[in-house]
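So that you can tell them apart, the chains are marked A, B, C, D, E and F in the order they are listed, and the count of residues begins at 1 in each.
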Amino acid sequence: MFDYAFGRDLDRLIRISLDEDLPAHDVTTLALGVGDRPAEAALLAKQACTISGLAVARRVFAIVDPGVSFEGRWRDGMSVPSGTELAVIAGRADSLLAAERTALNLLQRLAGIATATRRLVDAVADLPCIVLDTRKTTPGWRLLEKAAVRDGGGVNHRFSLSDGVLIKDNHVRLAGGVRAAVTAVRSRTLPGTRIEVEAGTLAEVAAAIEAGADVVLLDNADPALARQAVQLTAGRAILELSGGITAANARAMAESGADCLSSGALTHSAPAIDISLEFR
Amino acid sequence: MFDYAFGRDLDRLIRISLDEDLPAHDVTTLALGVGDRPAEAALLAKQACTISGLAVARRVFAIVDPGVSFEGRWRDGMSVPSGTELAVIAGRADSLLAAERTALNLLQRLAGIATATRRLVDAVADLPCIVLDTRKTTPGWRLLEKAAVRDGGGVNHRFSLSDGVLIKDNHVRLAGGVRAAVTAVRSRTLPGTRIEVEAGTLAEVAAAIEAGADVVLLDNADPALARQAVQLTAGRAILELSGGITAANARAMAESGADCLSSGALTHSAPAIDISLEFR
Amino acid sequence: MFDYAFGRDLDRLIRISLDEDLPAHDVTTLALGVGDRPAEAALLAKQACTISGLAVARRVFAIVDPGVSFEGRWRDGMSVPSGTELAVIAGRADSLLAAERTALNLLQRLAGIATATRRLVDAVADLPCIVLDTRKTTPGWRLLEKAAVRDGGGVNHRFSLSDGVLIKDNHVRLAGGVRAAVTAVRSRTLPGTRIEVEAGTLAEVAAAIEAGADVVLLDNADPALARQAVQLTAGRAILELSGGITAANARAMAESGADCLSSGALTHSAPAIDISLEFR
Amino acid sequence: MFDYAFGRDLDRLIRISLDEDLPAHDVTTLALGVGDRPAEAALLAKQACTISGLAVARRVFAIVDPGVSFEGRWRDGMSVPSGTELAVIAGRADSLLAAERTALNLLQRLAGIATATRRLVDAVADLPCIVLDTRKTTPGWRLLEKAAVRDGGGVNHRFSLSDGVLIKDNHVRLAGGVRAAVTAVRSRTLPGTRIEVEAGTLAEVAAAIEAGADVVLLDNADPALARQAVQLTAGRAILELSGGITAANARAMAESGADCLSSGALTHSAPAIDISLEFR
Amino acid sequence: MFDYAFGRDLDRLIRISLDEDLPAHDVTTLALGVGDRPAEAALLAKQACTISGLAVARRVFAIVDPGVSFEGRWRDGMSVPSGTELAVIAGRADSLLAAERTALNLLQRLAGIATATRRLVDAVADLPCIVLDTRKTTPGWRLLEKAAVRDGGGVNHRFSLSDGVLIKDNHVRLAGGVRAAVTAVRSRTLPGTRIEVEAGTLAEVAAAIEAGADVVLLDNADPALARQAVQLTAGRAILELSGGITAANARAMAESGADCLSSGALTHSAPAIDISLEFR
Amino acid sequence: MFDYAFGRDLDRLIRISLDEDLPAHDVTTLALGVGDRPAEAALLAKQACTISGLAVARRVFAIVDPGVSFEGRWRDGMSVPSGTELAVIAGRADSLLAAERTALNLLQRLAGIATATRRLVDAVADLPCIVLDTRKTTPGWRLLEKAAVRDGGGVNHRFSLSDGVLIKDNHVRLAGGVRAAVTAVRSRTLPGTRIEVEAGTLAEVAAAIEAGADVVLLDNADPALARQAVQLTAGRAILELSGGITAANARAMAESGADCLSSGALTHSAPAIDISLEFR
């Protein structure tokens, strides 16, 4: 997929990162006086991981210095063992040193998200249940982190408040009930709009379905409650489980028969993968 | 400290986050038709944590709608138990809903960093050893994350490649040895410039000190090696330990007598704190 | 609805407009030497119209000079006769003169769109058929023009390529048929996603419905074909008519029983309303 | 003419338009999964028109994807019959689909302006009278729309409040009379500055000339009044007619002997030309 | 004069300057730990000068901290002796220290320009000759430096390549002679456009006048040649002298009877005035 | 040194300058109608100077028109006699004319700074004393002007308030004495941070050294006082002299034995070098 929006957001993030890291010069390298020496370095994964952000790292070097070559050895979405050389980079020493930290800071985080997603997806791989992300992304990184989720085998939930209706408990309270909320939203949106409603109990699941929700988001359920919700729903709506989904409990949750599991931790708490730039 | 730079970077990050989350309208709330209702909500910490980002969250609501009131109950840097109400926020329902996710995404991450830092700092509190951060920060967030480290009791290492000399192994290799590197840097920087040199072995520690380093950064040491490095240094340079510092091993590392521990995980892998916005 | 996104896009457009109109000074007023005189002026509609953009005009004056007062007499969405004073504005003469052209250029266009929409909406007012806009908006103005459509009683179709699926003939051709296209899209989007499919003939309408389209967009139909499409659809999908909808033919089209009429001319060819700023 | 300013303003407008249309991905094409297929399409004029904006459309495709080829068949300023292929475009299908709407929205409007201008210019082609535009342009589009006027054979009036003196009735009132206004402006501007004065009556025309105006702008005249103004002026000033100029009355107005006709409708109300992108 | 454009350009320059000076914190003041102490300071002119930029300095403090008070004692355009307190500023110590350098860097340069202009203007004060600036301004500062010239009693020449015609020797060469150049420009510009032509010799002055120039710019003349040019021109065009104008030779040049003297050195080489911020 | 930050700041400054100079078209060249003629021109130094900004000028032409060729004959940092051709530039006439003023405005100023620095550096060339700049740079130009200082043989003092500690008299007053100030700063900064303290008298020099300053900045000394300060310091700190350093007194100051001379006039008051673009 050619992707103008991804490229635009990526370039903005890279430039901000370089602005932070290089308000003026790299004083160490400038003072050393050997910045124009040719250098070669490898991006080395020091942990097993699912790759994401390799294309992102490539762009960092290109922005810092179009003369740097970047030969990717693998592709985003692949899972590799510890010790894998992800890419080989060659160019002026000072260009490599100026780009290093920004490239790694991006890459380590995105690989962390893809790896965490892959773990969740693999846990439910043989079940008819998909893994979704949330809007709990890092400000400035939404398109990048959602791409990392796709690289890990996940599916993206909505990208913003503008591209999907999700009626939460706060909305229900404001509207005076779930029926009133769904009715109001139906009357003011494009005919056929997908309406998702959050529920915390079986009663709320039932109310949401009766009000005409297309999708019910059941929050903070355990597997037992999830199974009951699946029975109650009986195919009249899509059922999504959210809240506290981990690699440990994902399978049990998915075995309830729910259609989707969504997890905020994929993007807000996945630990960074240890990746370094090794000069030769 | 009045802080123009922090405010500038914060506003940029908030606006980018709102751009991502609101390319057009909040379609749910707009269609509900009750966005102008007055609402009140509390920021609730659902885990014990050290607070950071409360001032940041306040600014999110102010940018979305200057008419929203934000009454902070605690201050950045304080440690609070689970269940603590951090702030009470009142205003139009649609303004609160539009700002919610951006405020939480910022706050949860910064509190995560402050909490992780506090844990490390407390582990070495009675020793003459300080806890430092690194440049392994989230692109776009450097000033914010470094403030979170201070909120957790840490001290900031350099903010960018422009404000401090750190001669790493790659520089040494380029320069043809640590002595050549230190000499070159001394000759092209302002007299009196602080020079830090990375070392991986005792021999490199010795070479760095002999070359005139003010600070030696010993990477990936264990406590035993750290103790030897302290003895070898004998006060002729400041000694900083880095690499794999955790809450579990920090005390043993600090007991070596080193002056500083620096940790990248504080900023790249601290898990987010669970904080929610609860409407009343 | 409090609306961060609208305000952001509006301010951007106003600043660009002022940049174009005031690269340096207003040379006439500066040379006149009487710019600080107090002045009062009225925004006067010289044609009957449905108002839109009055809040927009207010913002122009506020950006040029926060000291200018702007007293709106009517509100966006109201229909007024020729000769109506829309607002009274008071402040320094030079501020009023600097803002005048930008305010009018915005207001005249938005009122034109609201007026054209109102005409279409009124033509079908007693029928169960709504009037939709399109993405044929003026670059830089999308949120503003879509708000003008709402001010005229219309409903907004999708805001961007990111917030709704519309499978056009080009997509069908790429995918190798409408069934393949719908299947592919279903498999890669969030469960429950609304899928709209463009059709040019009754056969294509039938194929779209059989492929599982939620909405069928019938392009360039006349009332007779529209009636046949309604019969064929028989409530299995929502039916939208598009292409060449005018105030003259809208009623006949809607009487077919279709659910929606969409019109690009509302935003790309509505003539500007004559509005002037009259000093007193 | 190589034109840095035009390119700068164009790129800004294109990027804003793409931001509006692609806050995230083109969800339809992404989900279809065939975006990397090669495609070819033609820009097809579905009405006779004078072309403007072809170079603009070329730039849209280049910004979305530098790998797209764009072979223009005609040039801005040429008049073509309905059915003319304006350009042939080839590249990845998703790139063409992402750029399509932005390119058409720009091109349709600019061709509309050039076509309307050409009609007015042709109506007075054999008379010593030129057709001028105004500052009633679309915010964000001034250089583009003024280029479209030139493509239609018109001449540009001032580009901004900063590059020409035009004393309007409001200025006269503030200054206490036309003589005072012209004197004040002469005294504070570069010697030799061109001064244009607006007039609504023959008396005001006379006063403007006596005050030393270089150009008189007679507003809202009919042909009879225009003829009287020409006689009165007798070559002592340049005479420009404005207000309500249409293709229908332009010739009669120009036959008065006035030097210029200026029309705001050229830029604020010219209907868009129907142009589409047809895939092959 | 209320002046949107000046404020816009000023704010941009201040923010760029603060970005340069405060990529992160003011480390000295932050480490000192007493930044919130109230402080008061005076802007003190340590040389006699004509003030310009006082309103600019006020804006710097307001951007850094809206809580700072700034009490101007004099106004831009006034001439004051050495030792004059220009303003008294009070607020948090850290705010004053953060704004100090940016405010002074702007103020010292603008006062330098106003002072240099005032000297030139005073030298020819009783002669019918005005002092003009040029486009030889500091990139980023044009509106500010041209305002400083007005504060010193000068008159502004054109602000950009877009707001005035000046046919230089290069244009003449390209066009194949001055007559051809003037004719071409007349035929493609708005009727009545002011045309200025550069000349280096009396022959070129004569040719420019015959070609219909409104203004002749005689470059690098001495007083004798200037007098001859005045005689030759005989009021048929405005005569401007440029090149090497100094406070020393300005009077002799003006006594030639020329209408204007223009000087690039006013903006590119005026020495900064010594102004400091003295804390109490 | 490859230098991302310099390129970024340079491009920003060039674009701002072109925005100022070309809000719309170059009206003269556009009206002339011969802008596409090929042209060649030389950058000619009309005074002896040390070159700086040649790479900067090259970038101006590249931004205006990538098709322009720029053949530099010399390099930044070289000293050349009057009459030297610095570069030969070829391309479309209108591109050269559009870029001319911006390129010259940048180049003339930077060459002025390098030339002034070179004069100071040469005056002390055989003494162990280096020439430093200050933060008294032109807002928007800091990296460029500091590079010009290096081109003239000078050494850069700190680039911003963020990359070096300098305790000035105001800080001392706020902290309640120099010892308290140094102690506070040591306690809150990275161990080993370079601390510079401003002093106005020998007593203050002594106090600064006793408080542990690494560098003492003695302000406004004459050579006699400077000698006394050197004796007093006796190598315990680095000694920098500042205030009123000129080419005339620099040698006498340096002969005191001080380590550094710093001069603000290098950047705020160096007269521009006369350089012109001569068409052939």
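As a convention for this text, a residue touches a chain if its C-beta (ideal position, glycine included) is under 8 Å from a C-beta of that chain, and two chains touch if they have at least 3 such contacts.
The model shown is predicted, which means the values in this text are computed figures rather than measured ones.
Colleague: If you take the mean of the Cα atoms for each chain, which one ends up farthest from chain C?
Modeller: Centroid comparison gives F as the farthest chain from chain C.
Colleague: Average the CA atoms of each chain to get its centre, and name the chain whose centre is farthest from that of chain E.
Modeller: If we average the C-alpha coordinates per chain, A ends up farthest from chain E.
Colleague: Return the distance between the CA-based centres of chain A and chain F, expressed in whole Å.
Modeller: For chain A versus chain F, the centre distance works out to 46 Å.
Colleague: Report the inter-centroid distance (CA atoms only) between chain B and chain F in whole Å.
Modeller: So the centroids are 34 Å from each other.
Colleague: Roughly how far is chain C from chain F, going centre to centre by Cα mean, in whole Å?
Modeller: Centre-to-centre distance between chain C and chain F: 53 Å.
Colleague: Which residues does chain A have that touch at least 2 chains other than itself?
Modeller: Chain A, residues with two or more chain partners: 5, 20, 22-25, 27, 29-30, 98, 142-143, 159-160, 162-164, 188.
Colleague: Would you mind writing out the residues of chain A in touch with chain D in their complex?
Modeller: Interface residues on chain A, with respect to chain D: 1-6, 8, 142-143, 159-160, 162-163.
Colleague: List the residues on chain D that touch chain E in their complex, please.
Modeller: Interface residues on the chain D side: 5, 130, 132, 155-159, 162-164, 188, 190-194, 196, 214-215, 238, 259-260.
Colleague: Would you mind writing out the residues of chain F in touch with chain D in their complex?
Modeller: Residues in contact with chain D: 15, 18-19, 22-25, 29-30, 35-36, 63-65, 92, 94-95, 98.
Colleague: Can you check the complex and tell me which residues of chain C touch chain D?
Modeller: Chain C residues touching chain D: 9, 12-14, 16-17, 20-34, 37, 39, 41, 93, 97-98, 101-102, 104-106, 108-109, 112, 135-143, 159-171, 173-175, 181, 184-185, 187-189, 265, 268-269, 271-272, 279.
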